[in-house]
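Chain lettering (A, B, C, D, E and F) follows the sequence in which the chains are written, and residue indices restart at 1 in each chain.
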Amino acid sequence: VPVEGAVVAFGELLLRLDPAGGVRLVQAGAFDARYTGAEANVAASLSGFGIATAVVSAVPDGVLGQACVDAVRRHGVDTSQVLRRPGRLGLLFTESGGAGRPPRVVYDRAGSVFATVEADAFDWAEILRGARWLHLSGTAPAVGPGAREAAGRAVATARDLGVPVSLDLNHRASLWSLAEATTVLGPLAKQVDVVLGVGDEAAGLLGFAPVDGDVIGRLDRVREATGARCAAGTDRTTGDDGVLRLRGVLVDESGAHVSRGYPVTDQVGRIGTGDAFAAGLLRGLLLAEPGARVVEFAAAAAHLKQSVTGDVNLVTVDEVERVIAGDVDQTAARIER
Amino acid sequence: VPVEGAVVAFGELLLRLDPAGGVRLVQAGAFDARYTGAEANVAASLSGFGIATAVVSAVPDGVLGQACVDAVRRHGVDTSQVLRRPGRLGLLFTESGGAGRPPRVVYDRAGSVFATVEADAFDWAEILRGARWLHLSGTAPAVGPGAREAAGRAVATARDLGVPVSLDLNHRASLWSLAEATTVLGPLAKQVDVVLGVGDEAAGLLGFAPVDGDVIGRLDRVREATGARCAAGTDRTTGDDGVLRLRGVLVDESGAHVSRGYPVTDQVGRIGTGDAFAAGLLRGLLLAEPGARVVEFAAAAAHLKQSVTGDVNLVTVDEVERVIAGDVDQTAARIER
Amino acid sequence: VPVEGAVVAFGELLLRLDPAGGVRLVQAGAFDARYTGAEANVAASLSGFGIATAVVSAVPDGVLGQACVDAVRRHGVDTSQVLRRPGRLGLLFTESGGAGRPPRVVYDRAGSVFATVEADAFDWAEILRGARWLHLSGTAPAVGPGAREAAGRAVATARDLGVPVSLDLNHRASLWSLAEATTVLGPLAKQVDVVLGVGDEAAGLLGFAPVDGDVIGRLDRVREATGARCAAGTDRTTGDDGVLRLRGVLVDESGAHVSRGYPVTDQVGRIGTGDAFAAGLLRGLLLAEPGARVVEFAAAAAHLKQSVTGDVNLVTVDEVERVIAGDVDQTAARIER
Amino acid sequence: VPVEGAVVAFGELLLRLDPAGGVRLVQAGAFDARYTGAEANVAASLSGFGIATAVVSAVPDGVLGQACVDAVRRHGVDTSQVLRRPGRLGLLFTESGGAGRPPRVVYDRAGSVFATVEADAFDWAEILRGARWLHLSGTAPAVGPGAREAAGRAVATARDLGVPVSLDLNHRASLWSLAEATTVLGPLAKQVDVVLGVGDEAAGLLGFAPVDGDVIGRLDRVREATGARCAAGTDRTTGDDGVLRLRGVLVDESGAHVSRGYPVTDQVGRIGTGDAFAAGLLRGLLLAEPGARVVEFAAAAAHLKQSVTGDVNLVTVDEVERVIAGDVDQTAARIER
Amino acid sequence: VPVEGAVVAFGELLLRLDPAGGVRLVQAGAFDARYTGAEANVAASLSGFGIATAVVSAVPDGVLGQACVDAVRRHGVDTSQVLRRPGRLGLLFTESGGAGRPPRVVYDRAGSVFATVEADAFDWAEILRGARWLHLSGTAPAVGPGAREAAGRAVATARDLGVPVSLDLNHRASLWSLAEATTVLGPLAKQVDVVLGVGDEAAGLLGFAPVDGDVIGRLDRVREATGARCAAGTDRTTGDDGVLRLRGVLVDESGAHVSRGYPVTDQVGRIGTGDAFAAGLLRGLLLAEPGARVVEFAAAAAHLKQSVTGDVNLVTVDEVERVIAGDVDQTAARIER
Amino acid sequence: VPVEGAVVAFGELLLRLDPAGGVRLVQAGAFDARYTGAEANVAASLSGFGIATAVVSAVPDGVLGQACVDAVRRHGVDTSQVLRRPGRLGLLFTESGGAGRPPRVVYDRAGSVFATVEADAFDWAEILRGARWLHLSGTAPAVGPGAREAAGRAVATARDLGVPVSLDLNHRASLWSLAEATTVLGPLAKQVDVVLGVGDEAAGLLGFAPVDGDVIGRLDRVREATGARCAAGTDRTTGDDGVLRLRGVLVDESGAHVSRGYPVTDQVGRIGTGDAFAAGLLRGLLLAEPGARVVEFAAAAAHLKQSVTGDVNLVTVDEVERVIAGDVDQTAARIER
């Protein structure tokens, strides 16, 4: 059973392979390897903020599964509910973007032990009894029937036990079709307290008409459609000055809150900024901070993530606060020593 | 259609991931990556010996499949019959051996496009029409029903067309049970001209009683049981001087031929020595050399492979001949310049 | 003899050494190594676009020559006409640019087997008999008398056989003087169908008065001076918005065609963009596409090259088409998964 | 407070820097970096054997201290009693041995936060209340007055609470003189249950006359001199066959137990074999296994460590058992797949 | 004794450890290692400009000290006055900046042999007798009493011998408090000919009231407060076009001289630009060039440093002159070959 | 002019490229790079032993030449007589040996600036005036006419000035034929004081009949044939125990001296052991030590070199003395800390 009072994150653990030296996948002769998972990244990031967390998952019973566990507990995350099963580990290959090319993620997750875990593998009543929060994302139910059923049971049990739940929609078109996702994520989203994700497909997933351009409007509709206490996400827009900026947006009962715009410059840590935002947001909600402050912290955390290699946002609360305080020379012209 | 007069090798192409720096799998933070395949390695090695070859296989239709093709044709092997299919690429992870630990290969091949290729994907009559030889190994039928069916059709067609066939038994206990392998490899072996492999499981696979210790005896039984023209394999035994040596053994209609014993020292190229032996053997058979010479060349090639990184035996005919001629200082005390 | 219907590229193959980690040459303790050649890069890129190609060259008869051949055929390029000769391989060292410093290439090509190949080494009538196109660049005749003579014979033979010829002027001041280049490239350019290169030295090389600033005007003069069917090149200019952009320009019988301007951002693949442009251009000409389309494809290909490590433009036709379609978020803000 | 029932290890955490690529220290241009500590290595190894452990230490309050904590908890070791203090982290540089040169460790530990930690920093009564065992080594009191005082208090408290204590003598001549060590380690050793270490200096440290050659005799004297329940260590001797072998030796109330001799071949994991032996030994003692079995497991674990990169013995109980069962081909001639 | 006519630089030599691959310190598994020192960097850079230099310092008497000496003399700097002492080498860890984070330097210099060198270790009269110049920086007296005393004696002796002295204020808040620095650097600065540094703390250090924004005003006050012949420093300001630019500023008896503004783009060589500026400046002063030219050269040198990995400005006089001449395409669009 | 009293070494400086990771040349995707030269290695090694040395050579006038100079002076060797000339730098590629393959060196030295340096480039009277010794090897005259003429003049001048001369025969069959070498090295060897080299070709080079097996006999004949004061070399023979051992042999007026036999185990530093032996020998001769001691030091130094990466023997006099004293555990079983 995870440590008492932990934020419980349910999701797949995977091996991420990045071409060494930033070359294209087709020419890679070596890969940097990291064990990752959208929900585990949120847990690890929260742990770095000083909040107790646990990951619930299933991994292969051999050496790769052990490596997953090692990678997660390195961040101080409880792994007592990471089950071992015979079978394969899900993988993902990445490719950095460049001139004329977007960054890419190539999944190889079919048939993984997590995707095919037996539905009753997790004793959710036991796991969630002392939990502070449950977090999961749309990729967990996407990968396979076992994970899907487990996700449903997890949310239902959390509801029963009064454990708040957050769901990051995270629609991945390469894992399932929008139609399929809709039948699963739609009902799930209606049972949770916090919905993350402002992508264009939110409308499709949640069954409302597309909302033009305006992020706040879209999040309003998300709240409306799901009944969630709050809906949040990040928005990247290019300003009149030609600078692309990332903003966090949060809509809750007190209204809409938009963070400052943080310049999008570094690409090395591009993957995982969504999870960094989620972790920053959950921290604020757990600390019951006001909405404006919650979203500012989340956006500043996501901003910092952009220059952090790997999936976990290896930053401290102090570093996030300094960004919020505007106490950082974004030109990196001044060395701290 | 492959180039006229080529040795055709049928088998899976895979991505091989070796922990960088020789560390254990559980601690690997980076992997050296190579595209490989038992049969493709034989083809590449033969190509390096100046013999035209082609690989027949199926790979994913995306970037990883393209990388497979690039890796194979780098060695001058024809890839016109490497099909592209949606799906995943088979993988294998390796771990070097060390004090108290054998070298290991961890497969992740389930559900690959090769394993699940449709039975009629390959037009064998067309492919083998102008072929000089067909080579395959026991792992091809092991990975899945599509590959199994295709392997059967390939051998049958080759027989019809009078194309000689070699089969490397290559039993892999982690891919299928011995019982299952027996029902497939047994009948297959009865249709081929050359059988490679002297492992203990040969008896089981081919349905004869285990033969005590003696390799020649075992190969005799293999010939008998299969009706193959020749049976061959490598044997590693430690001599009275405490030195482990590798020997090639070949049994054909002219009797048994045993190569000199080559010291087993380097481990960096341990994986792939079987394929190197097979390539050396096929070269001799294709050139219609006498048995003693055939097996000496094959064993010397396998010996050289032991210090070659990766799966392909990157050595020249000249280098093999120098080993056979005893013209190499095995102490590496003398530098050539 | 190369494969029937191939685009034949004639030029030197070299070993390229890049300081590992992007440091300066003077401090490099390791080099990334790649085998390259202006004309072979064009062939490899065309091969990636699905067009049959062959490289004609001469390399050392030892291991470095073999490595050249392996590198070229990895891309599916025919290497049956790459001759082996005793002698040395040409080399080039690179240094990335940085604040206050341009990127540099330091050649070490003097006395290479290609530079000194005997004039009648290549049986051009045989080689070009079934060829679809002949491509060469100004560096081939620059490196030495053997290559120079061979280049002349190749062009003359192609003309006789009706094989279209393209010549990339590629003047390299460190290989020969402008005066020397003029006496060779001037006459050569008058025999070809397509001339690439808009550098300031074009006037000198081809014997016309310098043309002010305007690329189209310069290309018009190139066509005029050479009688080529079309003249093309790339132009990099900084717009009013302070953004440096690359444009392709093509002048043919239908007039002048200028591509969109693609932002110059990545530097990792800076070297080789000219070859990428040439390959894109040849593809369009081979497919008999209209001039505007030809130059757009070529420019988009060159744009993509800027973020591709190494000399070969490892991109697909689909990727180029997406760039042309404007279907790529140049901010790399959106991950494809 | 550490997890209930844990084996508590008290010692310094350090940054270990190994020249990349195995070069000499004087020429190293890069270092592989690992966070380590003799006692933490024992804890991590025990954790890998499925035994709950905790490390008690003090690290800098900045990023390097955090990295220490991350490295330890990656192995599932409790780090709740790793204190943060302003100051520096101890370091060690290593150099692999080679022809004519022993492997070396160069310490830079003076003035570290652990060495200078305030004497009452650790609330030992609280920490050890629920502990299963206390382990420490002679380097902890060696590095400085704070650590020395803390080690004394830890042992005294453990004694009071009835928690068994093991002490690895680990005399390091570069940290303190034998005379100084004697005044500290001598008394300490008299209060513990298990003493590890058979080095020549044991006599000096514990105040008995040097014992000739015989390890068992030396361990007998250690037991006698200290009153410890058992004394153990490893012995490396070259046999008549010229093979150097490692043996574990344990002397307890039931007599002397000597393990099989395991060949010393690999050097990559040379550093840390003592800690691996200690962990194997503690496991056996904790499981109350008979002496012969305890020492065999410990020696086999140390044997395996020799090919494991880094300080922690990343092996499983199964792997150790296979070595004991003689089920491993030490020639690494057979690949497991 | 150093070579006759050398510029003598007095300061600490350190081991600099940079996380490999640009990751954060907390996640670094490997470090690039370089031996450095503010004053030695100036000496090495001057040596690259063809000026004889010597470093005076103290390093450990073991292998790390030898590595320091090797690193310095690689640049042609005289090391005959680098003393060897038992003890530790100072270290520094760096972390590149990124989105929301400044670049950082984490010092570990306490208790180094340089910091604790005995006051009379250096025979300054002997060392400086034939010297052309003495250069030191504020970090030398900051690290410890021995270095502080030695710095004082060096400056006094230079004064006596008529050797000009330059002092780079280089206040490092993590090494000592501003108050402490003031009592040492204030008096020292009053004895030197050239003062470098325009940081906000100059006022505090030198005891004048803070000067608003204007660099020239601040340098005027520095000259006034110290009586130095000239005061100089670099200034980074963002222009109306949003581009951050570096400018050199020099105030001497002929007035104030401001260099052109060089765009701040590269970050790889961010650390060490101050030393590069100092070296450029000293070269001009040594050659008795006019102030405007002196500062232009210094600023252009600092500009170039920004893309040079490591601490030493590995550029030639020619390269600096080309930057001054505006002969460099800052877009790096044109390759030199 | 080199520093007074220096040992002057005359020879080529080259760039050495080793395939990264020990792979074969044909598959190398990266090279470790080092600047080297047989004579410079001797100088650097002597410098490490505390003896003043200088290298006389010619290198390209660009960045690669500068890198040569930096690499040499890093070891404290005077480079004031390393001339800069337009042209190319000599190169060498290496390949480690392995099962069935000797280590290889592939030269690319033809046409280098050293090979083609003008005969009167070096003012030998000036250079050698204050010299303590002149050392050169047979590769210097081998590479080209300029170097050959310069070598002849150097030896003649040294003779005139009474500077002792040592010549390492170093016959390289790939640089020139034995016949050609004989006409050059034969006369040269007759003018020197010390001849190194016991290879089979010594007889041919020096014009005496081959001497059977016995090294001492061969060296006797070398002395006789050349009139040198002493002749020396290394011998590698396998003992009855199957262990290959390296021995130094020296024949001088006091008779023949043979060192102990040192086991040949490490291969990483195989290249350069001859230079290490030469340096050890010269040190003894310079210190006028007795022959037995001279050759023991030289052999122990060569032994140590075998595990030192790169060409320079990075060991201290202390380390050599420890090997001679038998104070080193050759099993590397004991760590020094």
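One rule holds for everything that comes next: a residue touches a chain if its C-beta (ideal position, glycine included) is under 8 Å from a C-beta of that chain, and two chains touch if they have at least 3 such contacts.
Here the structure is a predicted model, which is why all the values come from computation and not from measurement.
Within the contact network of the assembly, the step distance from chain C to chain D comes to 2. Chain pairs A-C and E-F differ in how many C-beta pairs they share in contact, with the greater number at A-C. When the contact pairs of B-F are set against those of A-C, D-E or C-F, over half line up by residue number only for A-C. The distance from the centre of chain A to the centre of chain E, with each centre set as the mean of the Cα atoms, comes to 45 Å. Distance between chain centres (mean CA atoms), chain A to chain D: 40 Å. In terms of their C-alpha centroids, the spacing between chain A and chain F amounts to 61 Å. The multi-chain contact residues of chain C, meaning those touching 2 or more other chains, are 24, 26-27, 29, 70, 106. According to the touch criterion at the top of this document, the contacting chain pairs are A-B, A-C, A-D, A-E, B-C, B-D, B-F, C-E, C-F, D-E, D-F, E-F.
Looking at the complex, you find that chain C touches chain B at residues 69-71, 73-76, 79. Listing the residues of chain C that touch chain A in their complex gives 241, 262-263, 265-266, 268-269, 300, 303-310, 314-315, 319, 322-323, 328-337. Chain contact summary for the complex, chain B toward chain D: residues 21-24, 26-27, 97-107, 172-174, 236, 238, 242, 244, 264, 267, 270-271. Against chain D, the residues of chain E that register as touching in their complex are 17, 20, 24-34, 62-64, 66-67, 70, 88-89, 91, 93, 95, 106, 108, 110-111.
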